[in-house]
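Below you'll find the structure I mean.
We call the chains A, B, C, D and E, going by the order they appear; numbering starts again at 1 in every chain.
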Amino acid sequence: MDIGTLVGLGMCWAIFVASILIGGASPLIYINIPSVVMVLGSSFFALFVANPLSRILGIFKIFMQTVRLPAYEMEKTIRIMVEFSERARREGLLALEDNLQELDDEFMRRGIQLVVDGTDPEIIKSILYNEVNQIEARHSSNIKVFDTWGTLFPAFGMLGTLVGLIAMLANLQDQSTLGAGMALALITTLYGSMGANMFCIPVAAKLNDRTKTEMLFKEVVIEGVLSIQSGDNPRILLEKLIAFLPPAQRDGVRQEGKD
Amino acid sequence: MDIGTLVGLGMCWAIFVASILIGGASPLIYINIPSVVMVLGSSFFALFVANPLSRILGIFKIFMQTVRLPAYEMEKTIRIMVEFSERARREGLLALEDNLQELDDEFMRRGIQLVVDGTDPEIIKSILYNEVNQIEARHSSNIKVFDTWGTLFPAFGMLGTLVGLIAMLANLQDQSTLGAGMALALITTLYGSMGANMFCIPVAAKLNDRTKTEMLFKEVVIEGVLSIQSGDNPRILLEKLIAFLPPAQRDGVRQEGKD
Amino acid sequence: MDIGTLVGLGMCWAIFVASILIGGASPLIYINIPSVVMVLGSSFFALFVANPLSRILGIFKIFMQTVRLPAYEMEKTIRIMVEFSERARREGLLALEDNLQELDDEFMRRGIQLVVDGTDPEIIKSILYNEVNQIEARHSSNIKVFDTWGTLFPAFGMLGTLVGLIAMLANLQDQSTLGAGMALALITTLYGSMGANMFCIPVAAKLNDRTKTEMLFKEVVIEGVLSIQSGDNPRILLEKLIAFLPPAQRDGVRQEGKD
Amino acid sequence: MDIGTLVGLGMCWAIFVASILIGGASPLIYINIPSVVMVLGSSFFALFVANPLSRILGIFKIFMQTVRLPAYEMEKTIRIMVEFSERARREGLLALEDNLQELDDEFMRRGIQLVVDGTDPEIIKSILYNEVNQIEARHSSNIKVFDTWGTLFPAFGMLGTLVGLIAMLANLQDQSTLGAGMALALITTLYGSMGANMFCIPVAAKLNDRTKTEMLFKEVVIEGVLSIQSGDNPRILLEKLIAFLPPAQRDGVRQEGKD
Amino acid sequence: MDIGTLVGLGMCWAIFVASILIGGASPLIYINIPSVVMVLGSSFFALFVANPLSRILGIFKIFMQTVRLPAYEMEKTIRIMVEFSERARREGLLALEDNLQELDDEFMRRGIQLVVDGTDPEIIKSILYNEVNQIEARHSSNIKVFDTWGTLFPAFGMLGTLVGLIAMLANLQDQSTLGAGMALALITTLYGSMGANMFCIPVAAKLNDRTKTEMLFKEVVIEGVLSIQSGDNPRILLEKLIAFLPPAQRDGVRQEGKD
């Protein structure tokens, strides 16, 4: 579980609500169901226009990616790569087939399988990089759902405020309800801004960050697979792959590599 | 028919109108024909300045693309490619001419025709990629119409509001009509924002998404055509092409490939 | 003459003015010469700072490009290219010199001349592409004048409004002129927004579109010239060049090619 | 001296001030020293945070670049290049050393010196292009100072207005000073917007334009130097280099080349 | 210590506070603890959602980078490179091992070590460039924290103002507290804008500038290491490396190179 996402969302909303309560005004004045329906509903269906149906229906699954921690273990993966490289030099590329089941990561397994099958290095490179590019394209389409929502939310908030203002201004005779009418009109802007800044924008940023981490992991795997196939020295392979890590994590990998 | 576009547009507007009706104000105060004419008309003719005439006259046809579902069947196309590849290896590239009529997709037919004619691979690649780039350029010009409209709409909405405000302020003596004057002034901002957020922006996003899907499909076709010409192993061709698909759709293609 | 630009500008302003007249307020309240001078004059001289003198002095000539229709005849050009290609294969590259005078387009003539002179293909390619890049760079500098003006216009509009507001607020005693003062202050914002949205932004968009069309035309010429020099089959040349056209225009070119 | 920059800045401010004077309000209400100090001072020190000290201390020197006209004489440079090319073909590359002192431009001299020294063409290319890239990087860092200031100016203007508004609202009892207080609050927004639109933004645009011109000039020099070294025909060199010029300037260079 | 950052931050805030004190209003009206908690707290926890936990926990360390001066000594590094190059040509690449301890910079040491080990130039290039790219990617993720905060700050400021406005408008009966309520509501906008413009935006700009300087330094090292390995003439190496320096710093390096 990604504690950052959960604690972040929880605390962000908690502090916000607490500051309203401390302000002394009745919290009820901030709740208006028709306004929620309008801002949330209209902007959500505008997303339907902007996206293919399947992507919208999977929106909850996309969000859940920010709550689950990704399973990429860069350091372990680099060690496995070095081991495979050593074995391939000792016993030949075909010997790697025995260890394929050990691999948790589907992408790495597929890469090594292509090597074991004796596929041409250029073709392996093109297949794996193409796959990575397609994953990135699909991820960025998913992220764009939240990006678009993050811009539609305040837009529909403002639309609601305009509707409220016009109604209020067209009916100015009753000055006693002026303040309440305007407060109601502003509530949709508040909802729109909350939806964007307290949900969509940070979620899209986290999804973006996750995609970058995944792409980095997959690049390490491709570099490793191609290096194993070309019979690189395992020491060189290690140097190549730890260049992807931040310096602080390198010594651990180097150490275990020597054991 | 793309249900997402229709349901999305319908529900987005329905919820918006319903929330107005629930608000209790007379819906008539939101309707002002001169304001519609100004915001819609002026911004539309500004599009005339910004675009060549032919593109503006085709604007309805461009919009209709978001309502019709595209006919790209990636999985079927990949299976056809694999079949063609097998046949080409058994009976030679010329034998593919017999199957050309079976192909629904004009682009794929053109590619295979070039292969059958014995055209040089580099030339085929350059012709097909050039065509894809030109298609993308034409699509992005079309999308830009809606993008530009989406920025002109709120701008003309604000222009209308300024016109209304100035008229109202220049004539402040009659305080009783103050509210109504201001309500009227705000209506153009409402129209402009509705035109942008409830039509242009989501439509442009869908058109963008469609273009990406089409480009992906055409890339699969080019990859397949070149692979067939170079006599790649059909198994390798299959691996190459399914790397374009999301993992969930791959097994189906693999299965049928074995039958 | 580009009817789109003229009709667009005319109708955009006509509808706008008509909607003001219909509004019932005296049109005179929207006219204030000092405000025009300030918004138009100050923003224009800020353009002087931002651009070299020669570009500013040529601003009217730049604008006129949006009114004149460009003379690129893609289809005719492709047919000429195919004819040249046939002749070059029959009678040798030198024979093309006789037809050079027939060519209206200076760029195409220059390219064929380089071929006739026996210049190295790499050098021809570098000269022609360099020329195209320089043209694009000069065009984009020109477009930027209108882009910059389109952002300075509303900025100076707002500056004028601030000046007016401060004068009005510093002199609040006379409440009877309050409305008129504020109306006057808002007029510069109106002018700034009109200058940007009803002139600069659409004009810059059209100039951009024109540049794209010209670049496409010049790319077709370069592709054709290099293909003629390398002695490509005229049928292949035709295929290469019509890939630049939208599908609907291709059959016409193909047909004539056969005649 | 770049007349455009001076006349532009002068007229932009003159028209602005004149329109204030014509407005009839006392010009003194627009002058408030503490507001100047706040907007100018705070935003300037925020620039200190954003940039290395040396760049900020050189800000006046950077600005002066927009006032001095650059000394690039493209046409003369091309003619010199062609002469050098002719001499190198007649008398050998070493003979160019005698003419090195004639060259005003340090960059061209350095390039020819490398040729005379018999440096490898690849190394010359990498040294000269690297130098150009570094110049561009340093220029764009300098331009960014004005870019950043152009966004900080209105931000600090708004900060000042918020400070003024809060003070005024917290002290509403004295309604007689309400207007004056608000006028004072708005003055910082006016200053911020003036600083951005009447100084920083146009200056940054001019610096940008200058950088582009310099890069173009240096590209011509590199192209010429490499062409001289490789012993290109002077006629080809001329064709290559005049492709960088706008068509109107070409005939003059061609003519003199023939004399 | 980077005096620019410290003086800049100090003076920016000092001038801002001083201008408030000079304004004459009680400074207490600008302090509201619940508003601070809301704007600072909510936006900070939104950063938790947007970033991995480790990056947020290191945010203070990231900020401290703007206060410490970087230790890159370009001129000294270039001189060392030239010395290494001379020694390598005299005594062979292996002789460089003796001098490795002299090198302060870990990255340069690693590069020379790879050379001494006899690693293939292509592999050295790929390892070092990959490391540089990863460093840049990590830096840009760090910078993005402040970038994101710089956009969330004003957004949460506006959210607080909306909350305050709605409370005030819903409770308009007591007109005496109207001004104070509105002043309080605006305070969150003030805090949000201060957080963005007086902290996050300038800090992110400085971090960006630092990254560019570091990348330039590392590029010089890579260029030098590869040049040493390929046995380039030390004079050529010097020319290559000083092309990275601004002209004013070159003569010093050239001079010492001759001693």
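Operating definition for what follows: a contact is a pair of C-beta atoms (placed from the backbone, for glycine too) under 8 Å apart; a residue touches a chain by one contact, two chains touch by 3 or more.
Just so we're clear, the structure is a prediction, and the values are computed from it rather than from any experiment.
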Review point. Along the shortest chain of touching chains, how many steps lie between chain A and chain D?
Key: 2
Exercise for review: Superimpose the Cα trace of chain C on the Cα trace of chain D, which carries the same sequence, then give the rotation angle to the nearest 5°.
Suggested key: 70
Practice item. Could you put a whole-Å number on the gap between the CA centroids of chain B and chain D? Key: 40
**Study point:** Inter-chain centre distance, chain A versus chain E - centres from mean C-alpha coordinates, in Å
**Key:** 25
Revision key, fill the gap. Listed round the ring from chain D, going first to chain E, the chains are D, E, A, B, C
Exercise for review: Using the touch definition up top, name the residues of chain B that touch chain C in the complex.
Suggested key: 34-35, 37-38, 41-42, 45-53, 56, 106, 114, 119, 123, 126-128, 130-131, 134, 137-138, 141, 144, 148, 151-152, 155-156, 158-160, 162-172
Review point. What part of chain D is in contact with chain C in the complex they form?
Key: 2-5, 7-12, 15-16, 19-20, 22-25, 29-30, 66, 178-180, 182-183, 186-187, 189-190, 193-194, 196-198, 201-203, 205-206, 209, 212, 216, 236, 239-240, 243-247
